[in-house]
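Dropping the structure in here first, questions after.
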Amino acid sequence: MEGKRILVVSAHAADYVWRTGGTIAKYIKHGANVDVVVLSFGVRGESAAQWKKEGATYDTVKQNRLEETTKAAEILGVKNIEFWDLPDYPMRPYLTEDIRKRMVKKIREVRPDIIITHDKKGKDILNPDHNDVSEFVFECSIHSNSRGVIVDNLPTTKQMRLFGFEPHQTELSQFVPDELVDITEVYEQKVAVMQCFQAQHHLIQYYTERANLRGNHLRRISGNQTYKYGEAFSSFFPIAGDELV
Amino acid sequence: MEGKRILVVSAHAADYVWRTGGTIAKYIKHGANVDVVVLSFGVRGESAAQWKKEGATYDTVKQNRLEETTKAAEILGVKNIEFWDLPDYPMRPYLTEDIRKRMVKKIREVRPDIIITHDKKGKDILNPDHNDVSEFVFECSIHSNSRGVIVDNLPTTKQMRLFGFEPHQTELSQFVPDELVDITEVYEQKVAVMQCFQAQHHLIQYYTERANLRGNHLRRISGNQTYKYGEAFSSFFPIAGDELV
Amino acid sequence: MEGKRILVVSAHAADYVWRTGGTIAKYIKHGANVDVVVLSFGVRGESAAQWKKEGATYDTVKQNRLEETTKAAEILGVKNIEFWDLPDYPMRPYLTEDIRKRMVKKIREVRPDIIITHDKKGKDILNPDHNDVSEFVFECSIHSNSRGVIVDNLPTTKQMRLFGFEPHQTELSQFVPDELVDITEVYEQKVAVMQCFQAQHHLIQYYTERANLRGNHLRRISGNQTYKYGEAFSSFFPIAGDELV
Amino acid sequence: MEGKRILVVSAHAADYVWRTGGTIAKYIKHGANVDVVVLSFGVRGESAAQWKKEGATYDTVKQNRLEETTKAAEILGVKNIEFWDLPDYPMRPYLTEDIRKRMVKKIREVRPDIIITHDKKGKDILNPDHNDVSEFVFECSIHSNSRGVIVDNLPTTKQMRLFGFEPHQTELSQFVPDELVDITEVYEQKVAVMQCFQAQHHLIQYYTERANLRGNHLRRISGNQTYKYGEAFSSFFPIAGDELV
Amino acid sequence: MEGKRILVVSAHAADYVWRTGGTIAKYIKHGANVDVVVLSFGVRGESAAQWKKEGATYDTVKQNRLEETTKAAEILGVKNIEFWDLPDYPMRPYLTEDIRKRMVKKIREVRPDIIITHDKKGKDILNPDHNDVSEFVFECSIHSNSRGVIVDNLPTTKQMRLFGFEPHQTELSQFVPDELVDITEVYEQKVAVMQCFQAQHHLIQYYTERANLRGNHLRRISGNQTYKYGEAFSSFFPIAGDELV
Amino acid sequence: MEGKRILVVSAHAADYVWRTGGTIAKYIKHGANVDVVVLSFGVRGESAAQWKKEGATYDTVKQNRLEETTKAAEILGVKNIEFWDLPDYPMRPYLTEDIRKRMVKKIREVRPDIIITHDKKGKDILNPDHNDVSEFVFECSIHSNSRGVIVDNLPTTKQMRLFGFEPHQTELSQFVPDELVDITEVYEQKVAVMQCFQAQHHLIQYYTERANLRGNHLRRISGNQTYKYGEAFSSFFPIAGDELV
């Protein structure tokens, strides 16, 4: 993982934490460079708990999400995180040509070996923003690889690997794991980072148990009994390399 | 690849050569141990050319296939090859409980890291034997891993990786590559081994071009321009490991 | 059905009549409150017969569709019907942010137990508007349930049930019935309401026979021989409740 | 649930406990009659832990499974449980014509409103026996409904409802929940019954967490916050009835 | 259609009449040679009405089906019809190696341009025999084309076209029409032939309406308004020829 | 093919050449009228080679593509070719209402029996523009057939046939051939036309071999050994006609 460059694109502030926080922490621990782009603070779509507070406004909710997420990034060891502050619910109208160019530029600057974002093979049954972002990131990656798409004289990228993290209700969203990553050695970090989001206490339990579930799957599929906790990803492309893996 | 143990199970004599010959040669070159089980000589299903010869009988065709395949195995460097001499077209009635036990035993003896056989995710539209063998090998691998299935006191296996090689008409058979393997360094061997099957000259061209096609896909998906020739495989299970691959 | 609140959203003026007219009539007969939103008059997409009349213009066709549909609503007993008068063929450019907010507001005002609209699991092979409307209604329902989406201080809704009615050519549109509803007791109303659309006489036969077909399916699947006529729906979500149904 | 007749068919001794134990307990609590057929003791396929014991033999493992399962049935309140004692791993060769007739007879004796068995829509990726049993039970239900299939002068059945419980790895097995059942009121029973299977302690955690996961899904999809624990089922047929559910 | 050779294989006595009777009549009218193989009389699976008669036995039902079907064949103009008299419900155990050889022989004798049987792309949700027969006929066609499968010195066949006729509940069985055939000119024959099966009067209405439904689809898809009645088929293979059709 | 009217719509300048050049040449040779609309020059998405040239600009690349494509059209015998000069990568924002009307108008002017464009059943995994264009052309064809969509008093069209040509990586894009067309007699033209695109020499090999591959499939599926080279298409609709084809 040493020296790998990873770009994570999250539709809402905490999406990436629940589903790929452990993998991020592990890659950082082993010397990878991880950049995170948070497209929106999820003020409308994923802040129900914050809106229940007396006197909540768009700005107080946003400020609250910013604080939580910044703290979460610190715990994970993420140094490069950007908040693009797009509206959400819906997000599609705000994924404009300008935002597209900005994302192509970002990809060319980071030059990632791996992009991690929302699942593309299935379709999130509960969150249309997630599907839009998955499609958007995918298209920007294609454009970034294309010599004819010129942005600020940045050189084109080579085809990188793209992965989708889990939606909330996997079976209803046709999510099928292509790769399971053991996160046992950073599990305490994942637990700690989830604690940043106290308002969503039901998600803390949910994703704690999911880490166990994926750990169970890891052991069953690999035969390796040291795997305790995991995260699951779909792969946008087949693996192309020197041997079977 | 050094030290890996691989078990290849082929429904008919030459199935494995066309679709995974390059990968076998590469693994052997790099120090892997490869065992091949050829379930049938393909006398009925895949020997049209031999039957056109004057005076062809079941036995002459079988002898011919044995010679071809033995020579092919030599070129690939395969030392352990077994011919189980089942009838084909159809093969299903002959995949009996005894044959199942024999296969479980074989798996436990070889203790493969990787099993390569016919595709399981799709369904071969031209060859029902291939589907039966895929299902058969899969089930035997499950049984082999199970402590309660006792065969000659051989210890159970751990979950190994299973891969499916390509059917002849991929799109009609819903074959989707999960992994593409570069075979450039052993390509000459693959060309040579295909020459063993002169009676099927149209397949020589077909699989030569397919190696190019997969090479094109390898370059496109990996960005690695040194990949010239390839083979494609589906994966029966997700990848479960320490990082994203 | 007593006291249930139902919201029906129809892309064009008569879509809902052919496919869910019987179910609407039955619910109303049993004391449900049914609101209907007709997004467009279907002037361009579904008024071929009207355009054949000498001197037809956009306005005469629209007036004609309004009259037909108003009469149809009366026969079904629908008291609350709104015509949003969007253009059709295509409709997508007119499903703007304003229309989205209007729909979220409508959902929060009606507070439906059930929303019935175009099928979402499949994809109508003959009518792109239907697919756009299905996706639009679905997204608005998600937004309506979300506390952060604020519209005129209307309280958020709880997750309601969503159903899709049949497209015209079901198999080509991957429509699969999840629920079949017996409409025998209101069948005369359905026949009467279809008569409002004399210009589309071929559809009268088509949906009369379809009611028989669904009646046949109802009998076969339930074993209840009193079911004579039916309508079919797909379900956007699984059933979540106290027992198996 | 009062007075409902339910038939549960389980490939191996404990399959039904993990996946539908809560639903069984709930139905029994509310006055349903539940019959369970356990086709095999799962000696070969699902008794890894028992085989690890010193001196384990086919008979000791079987006896152990019998005791566990009998105790489990008691805790759930199941009075009618039959052990058909078929071999497993594989089970297919033992699903003979005689066994088929026995199952048709059983269905006609129980005359179930509901049959619960292994999932049919997907395909269990880890356990071929489960797929064979699902297909077998389905076929027997069709035969039971058919007047021309005569068994001991038992009258034919009407079309009943058929449900599939969860496989172990749902996404890899294409399992999609059609119905989620709240089991909160009998959750203590489910916990207790899982304790009967101490040898499979990893499954106790796994299905405890799964009950939480399904509880989360139940709340999200129904909007009913009192649902804490659940079980998920696929439905073999659409719902055919008087209204939308 | 002049001179075409067609082989129809029907699992039960009347399957082929309801679903492809019109197409058969049309081909015969235009000079085709049609052979029909009826594998079973459908005594157990498709003779519910006959079993309701006082004193019905296996033999009386069978005799009844034989008479009906013979008469039906006469009306359609079928001169070559064979009754293989296999048991049904289930049929799978009786599709033995001998029956397979008999079918290969039949195919080689008829040398059909077209084989019509049960659908293979989907899976009949109500009738497992249909799925088994579809798979069986498909495999026999592959064997028939194979030079190594030797039966009575009959020459191998060339790849013929294979089509699947409709199952009863199309959407639930994933049946998707690939080809729709206009049967307007022989519609009276289809009506007459359905009358041979008075005991299944509900099917007479059902398939009469289905002919209308397919006529509607034919008009919509072809733009040809003279098409009034039709039948639908899936195609086992793509079309391979000189131009787009 | 004599007298047939064909409209080809290509997202980028050369898409149609690689995938349907042979079929176009054959239809023209046999007296069909072929119109081609090239929506963009593919300056950004499909001109990597041109951008490598010293001093390349948007305009030089565009000029280069125009010259290549014009020459290609000449070789194929296409007399009516239009370049709509839309931007690409992405193209979606430029498929405006005006462009939609222009396409409806074009369809009504050409009045095609057949429209050939990008595949709609699958989804191109490497080129989002292709998917957008397929959907766009499909919708315009529906609008063109609709009496209520009025453009310059041009009469509506009847339902025409629509076909999708191959994406680059077929299996990853779920492309499944519905029709294979033999192009043997015009193969020299296809070779010559591909030579116009020297900058994409890797595609010349790729599509040369693909013509062989499809020739192999043609022979296998038709049994006609004179077919040497082919092209593959998916069909948007079933075939509706007088007989099975």
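As written, the chains take the letters A, B, C, D, E and F, and residue 1 is the first residue of each chain.
As a working rule, a residue touches a chain if its C-beta (ideal position, glycine included) is under 8 Å from a C-beta of that chain, and two chains touch if they have at least 3 such contacts.
All of these numbers come straight from a predicted model, not from anything done at the bench.
Asks: For chain A, which other chain has the most distant CA centre?
Replies: Looking at centroid distances, E is the chain farthest away.
Asks: At what distance in angstrom does the C-alpha mean of chain F lie from that of chain D?
Replies: Spacing between the chain centres: roughly 53 Å.
Asks: Using mean CA coordinates as chain centres, what's the chain A-chain C distance in Å?
Replies: 37
Asks: What are the residues of chain B that contact at least two other chains?
Replies: 126, 172, 176-177, 217, 220, 237-238
Asks: With touch defined as at the top, which chains are paired up in contact here?
Replies: Listed in label order, the chain pairs in contact are A-B, A-C, A-D, A-F, B-D, B-E, B-F, C-D, C-E, C-F, D-E, E-F.
Asks: Would you pull the chain C residues touching chain E in the complex into a rising list?
Replies: Touching chain E from chain C are residues 126, 168-172, 175-177, 202, 205-206, 209-210, 212-213, 216-217, 220.
Asks: Give the list of chain F residues in touch with chain C in this complex.
Replies: 97, 100, 135, 138-139, 142-143, 146-149, 236-238
Asks: Please output the residues of chain C touching chain F within their complex, sorted ascending.
Replies: Touch residues, chain C against chain F: 42-48, 51-52, 61, 89-90, 93, 125-128, 172.
Asks: Any idea which chain C residues touch chain D in the complex?
Replies: 1, 23, 26-27, 114, 116, 158-161, 163, 176-182, 217-218, 220-224, 227, 230, 232-233, 237-245
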